[in-house]
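Common to both upcoming complexes is subunit A, partnered first by subunit B, then by subunit C.
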Partner chain A sequence: MNSPRLSVALAAVFVVLVLAVVPWAIEASGRYDLYYTLTSVALLSIASAGVWLTFYIGRINIGQGAFALAGGYISTILVVRAGLSFWLSLPIAGLVCAGLSVLVGFPILRLRGVYFAMVSLVLTEVARLAALALPITNGAKGISSIPLPGPISLFGLTLVPDFASVSNPRVPFYFLSVVLMILCFAAMYRLVHSRIGRLCQSLQQNEELASSIGVNISLLRVIAYAISSFLGGLSGAIFAGISQSIYPSSFTVADSINFMLNCFLGGLGYVFGPIVGTFVLYFGWDLLFQTGQFQLLIFSGVLIALMLVLPNGLLSLNPFARKSA
Partner chain B sequence: MSAADALLQVKGLSKRFGGVLAVNGVDFNVGESEILSVIGPNGAGKSTLFKLIASFVHPSSGEVRFRGERISGLAPHIVARKGVVRTFQETTIFRNMSVRDTVIIAHHLRSTASLGGYYFGSAAARADEKQFGRSADEILGFLGLAAERDKLASSLPHGLLRALGIGIGLAANPAILLLDEPFAGMNHDETKKAVDMVRRVRDRGVTILLVEHDMPAVMKISDRIVVLNFGQKIAEGTPFDIQRNDKVIEAYLGSDDPTIGL
Partner chain C sequence: MVQVLINGLYLGAQYALIALGLTLIFALMNVLNFAHGQMYVIGGFITYVVYAQLGLPFIVAVVAAGASLAIIGALVELLLFRTVIKRSHREESTMLLAAAVAFLFDAVILLVFGEKQRGVPKIISGVFVSDALIIPYDRVVIAALAAASIAGFMAFVQFTKPGRAMRALAQDRIAAQLMGVNVDRYSMIGFALGAMLAGLAGALLVAITGVNAGIGGPISIKAFMMVMIGGAGVVGGAIAGGFILGMLESVGLTVLHAYGDITYLVIFAALMVFLAVRPNGLMGKPWG
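Entry: the complex of A and B
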């Protein structure tokens, strides 16, 4: 057990690191490509946080790609076809994904273990095929040249500049993603350490018993799944914004599996596991690029070894980490 | 026990699984503050009856009424909220939670705050939290689990797990507690202690309905006994009556069959 003061200090260090130290280091070293990589890590970790929450209620979720894809398309269609502001399309994409997940979730969340995992895996494929078939998504050609996000101003005061007017639009995207990541994980931390977190744990450990002590298990499952899908949709929407395009293959089964692996690798018992897992997995893959055709072999070998040696994830090594399961 | 002052009424309750009538037209009443046991040979339908009363399974026909109100067909958590709370056998626990956390979370039924209130730490949520902590400590003391409060539930020995199961039930503030084989797999001394504990729970004002195999314990603890065989009620009465009931003896030991000379 560590003191709350230490937790606050660690959180503050992390915030300063990602909002000040990292941008400064990038500017100093001239490695501007890192903005895009780190933005990706931040966005992927937001989607993984959603998956982590479904793990926390005892469901193996391999379907986050479906909601990321849906979120990307919803935001894009709103911006391109309806001329809505990108900023407004973000929460709408998240909320529509949450709504979709409630519809899908009520029947499928009754399944447990490998059965839920299989159905969620299929969801990703359903989303891809839907994107191919629906008229509004423009089929395999997808939607490209999405305009960059416009400015946000309040009472004539510009809070966020027009992304198109910035010399490198990846910089504001980096700040947007990192700020959202911080907010998302702060919210998750609060969730897990409130009574709801313990209710989720009771669900994960024994649904029958949870329901006998009066926990409305079907409601709680759907709420957790909706939050998860909201985060998936949000991250997919920003991805579409940053790459200014969306295709049916933007998020595939492989991405869904990666979201799950990020959670495993970071540790299912730790709220901040998905950040660590996403970071390590993303950079680990890139670092192995030099090994050429052995990249996948070494990568998967290391993953298997890590899961054998550290079944509770990388954060189980960290003396500061607060276990929440 | 007349129907008018019964706490729980089971009326013509039947449950069909495919071609099998697991429970077949069972009627009985449970009075306030009594200990009623349901016994019967294996496969008599005791477990199904138990699940029907706790509303984990819905009846094919008939109904269960609690304080005159029909509870069959409601979701288990609603039935629990009304005061009909079941316990499980000891394997059904929150394995990775501490004993105290388990009992605290089991107070969920009593909570006054909303989910949003929990999230933002509203005054009601904080008051709940405080009150549940106190109540959990009281229950743990009552069940003799105070020394175990910070241990993981999965690390407790069987006897104490059984007590924890009852603690989980008590936290829900039940009017009637359904106990699923509370004495199974216990030796003589453990059973004696457990019988004593169940009596003390009843003395707190909680009505007890239990399903059990252990005959000596059932005879010792019950005010009344209901005997099931092949899904039907074959006898009901005090332990004294049941021990002398021919039908019960027949169900348990088999009857003389003159055609083959047995």
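Entry: the complex of A and C
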């Protein structure tokens, strides 16, 4: 265990890096496309953080795509059909996803191990099929040309400008996503190091034992799953906002598996694993784009090699190992 | 309605064969083999190459597909899963590995066989027609071959020495090891057998539905559903799950046809309710 001072210093360096150094570097180098890439990484790592939390209670979650898709559709429908503000639709999308996950979670969280993994995988398919079949989602054509988020002002003071009025709307989206990512991981860190975090870890180790000493396991796992789905829904909603469109194929089984891979790759024992995993996986995939048809072959080969060499995640290399427990 | 039930039966026999391999690997090693659908696709393509392109008899193609997949399965276990299981702190790591293997196979399939849908010439032409029924003969042959493969597999597991070792391994890995079962060796044989069953299923089904590079993932999902219905790690459960899903699909497509493409949505919803009542499927052992 390292000193808390070092942790705070590292966190501060990270915040300055993503909020000041990265935008400056992008402006200086003119690589504006990186805004979008980094925004995606931030959003995907938020969804992956949710998956990580379900790993933390000992459940293999391959169903995050379902909630990301649901969140995207809920936000879109609220904005397009009900004319609600994008900003208001974000928390609503997250909360509705959390509500859905409570409904689904009560029965399926009784399952463990491979059973839960398979059901959650099926859940992703359910979400896709539901998006195709429900009348309000406009089927396979999806919903496109969603308006950009409007301004937020408080007492006449404009806190966030109208995204449509900014010359490059990718920039405010970058800041939005990165700030949310920082808040999300700060909250995760706090959660994991709180009493609830300890209790979650007791679930991961042995549910029966935890239950026998008075831990309310069914409540706790539903809470963890609801938080996880909230994050999934939130990130899906912002994704729909950025791409200004959503389709049933926006989040599929492959995305759900990727969320899981992000967590694994970063390391399941580390709170910040999802950020590292998402970053490496997303950029690795992008870099390999030049290899054309061999992209997937090399990508999966490298993944397998990483698994063989570092089965406990990239962060197990970290000299400052911020082990979660 | 009889027609619908008959359709359900052939689908069931094919599905059971797919689920069997998945459940075998799970029972022996606690590995959820994500690459199962991809193994199925490879089996299908090998059959296509041997039977349709080289013009050899269909049965040779099926054997070739089964044998190649058995070798691939053995290598995957030997080189990849064994190492990761030994080194990792958490058993979930095998799932990442399985997912990465699935991606790798997808890439290989695309590079080697291309993205086109491939079908093979009919193995037997002709259709049995009566007042109520239309049954193409090739489907009957394929369903019979699938049933024969399942029976052969069950006989192997029940009556041979490796089969007995694998059953012991599935019951209790540590106890089996203490009784002198060579765990590493039988894990490899089991993985090879599971992969072979996937390859056989692909080889047989290519004669009916054809094969393309993209169906691996959906096949895996179907296999997962069958295993969940029947209960993971139980041979009888996989077979039951296969037939139940085949029947549901066949009946669902007929009955729900009027409401659009919602058969699978309904099946999934029913599965959730079913699992709420019986979390371990029809005959599964409890996890952990």
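Keep in mind that, in the parts below, the second predicted complex is superposed on the first by the 324 of 325 C-alpha atoms of A that agree within 3 Å, B and C clash if a C-alpha of one lies under 4 Å from a C-alpha of the other, contacts with A are read in each partner's own complex, and residues count from 1 in each chain.
Operating definition for what follows: a residue touches a chain if its C-beta (ideal position, glycine included) is under 8 Å from a C-beta of that chain, and two chains touch if they have at least 3 such contacts.
What you are looking at is a predicted structure, and each value in this text was computed from that prediction instead of being measured.
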Q: Mind working out whether A:V15 is in touch with subunit B, subunit C, both or neither, as first, second, both or neither?
A: neither
Q | Contacts of A:L95 with subunit B and subunit C, given as first, second, both or neither | A | neither
Q. According to the contact criterion defined above, which of subunit B and subunit C contacts more residues of subunit A?
A. C
Q. Can A:L297 be said to touch subunit B (first), subunit C (second), both, or neither?
A. second
Q. Once the shared chain is lined up, is A:V122 touching subunit B (first), subunit C (second), both, or neither of them?
A. second
Q: Check whether A:V166 is in contact with subunit B, with subunit C, with both or with neither, and answer first, second, both or neither.
A: neither
Q | Touched partner set for A:L34, first subunit B, second subunit C, both or neither | A | neither
(Q) Which partner chains sit in contact with A:I26 here, subunit B, subunit C, both or neither? Use first/second/both/neither. (A) neither
Q: Please indicate which partner A:I223 is in contact with in the superposed arrangement: first for subunit B, second for subunit C, both, or neither.
A: first
Q. Where does A:L199 make contact in the superposed view: on subunit B (first), on subunit C (second), on both, or on neither?
A. first
Q | Contact footprint of subunit A on subunit B as seen in their complex | A | 54, 56, 75-77, 80-81, 85-88, 92-97, 101, 104-106, 108-109, 111, 115, 118-119, 121, 125, 128-129, 168, 171-172
Q: Under the touch definition given earlier, write down the residues of subunit C that touch subunit A in their complex.
A: 26, 30, 32, 34, 80, 83-84, 87-90, 92-93, 95-97, 99-101, 103-104, 106-108, 110-111, 217, 221, 224-225, 227-228, 232, 260-262, 264-265, 268-269, 271-273, 275-276, 279-281, 284, 287-288
(Q) Applying the document's contact rule, which stretches of subunit A touch subunit C when the two form their complex? (A) 55, 60, 104, 106-108, 110-115, 117-119, 121-122, 125-126, 129-130, 132-133, 253-254, 257, 260-261, 264-265, 268-269, 293-297, 299-301, 303-304, 307-308, 311-312
Q.
Touching residues of subunit A toward subunit B in the complex: what are they?
A. 190-191, 194-196, 198-199, 201-202, 205-206, 208-209, 211-217, 223, 325
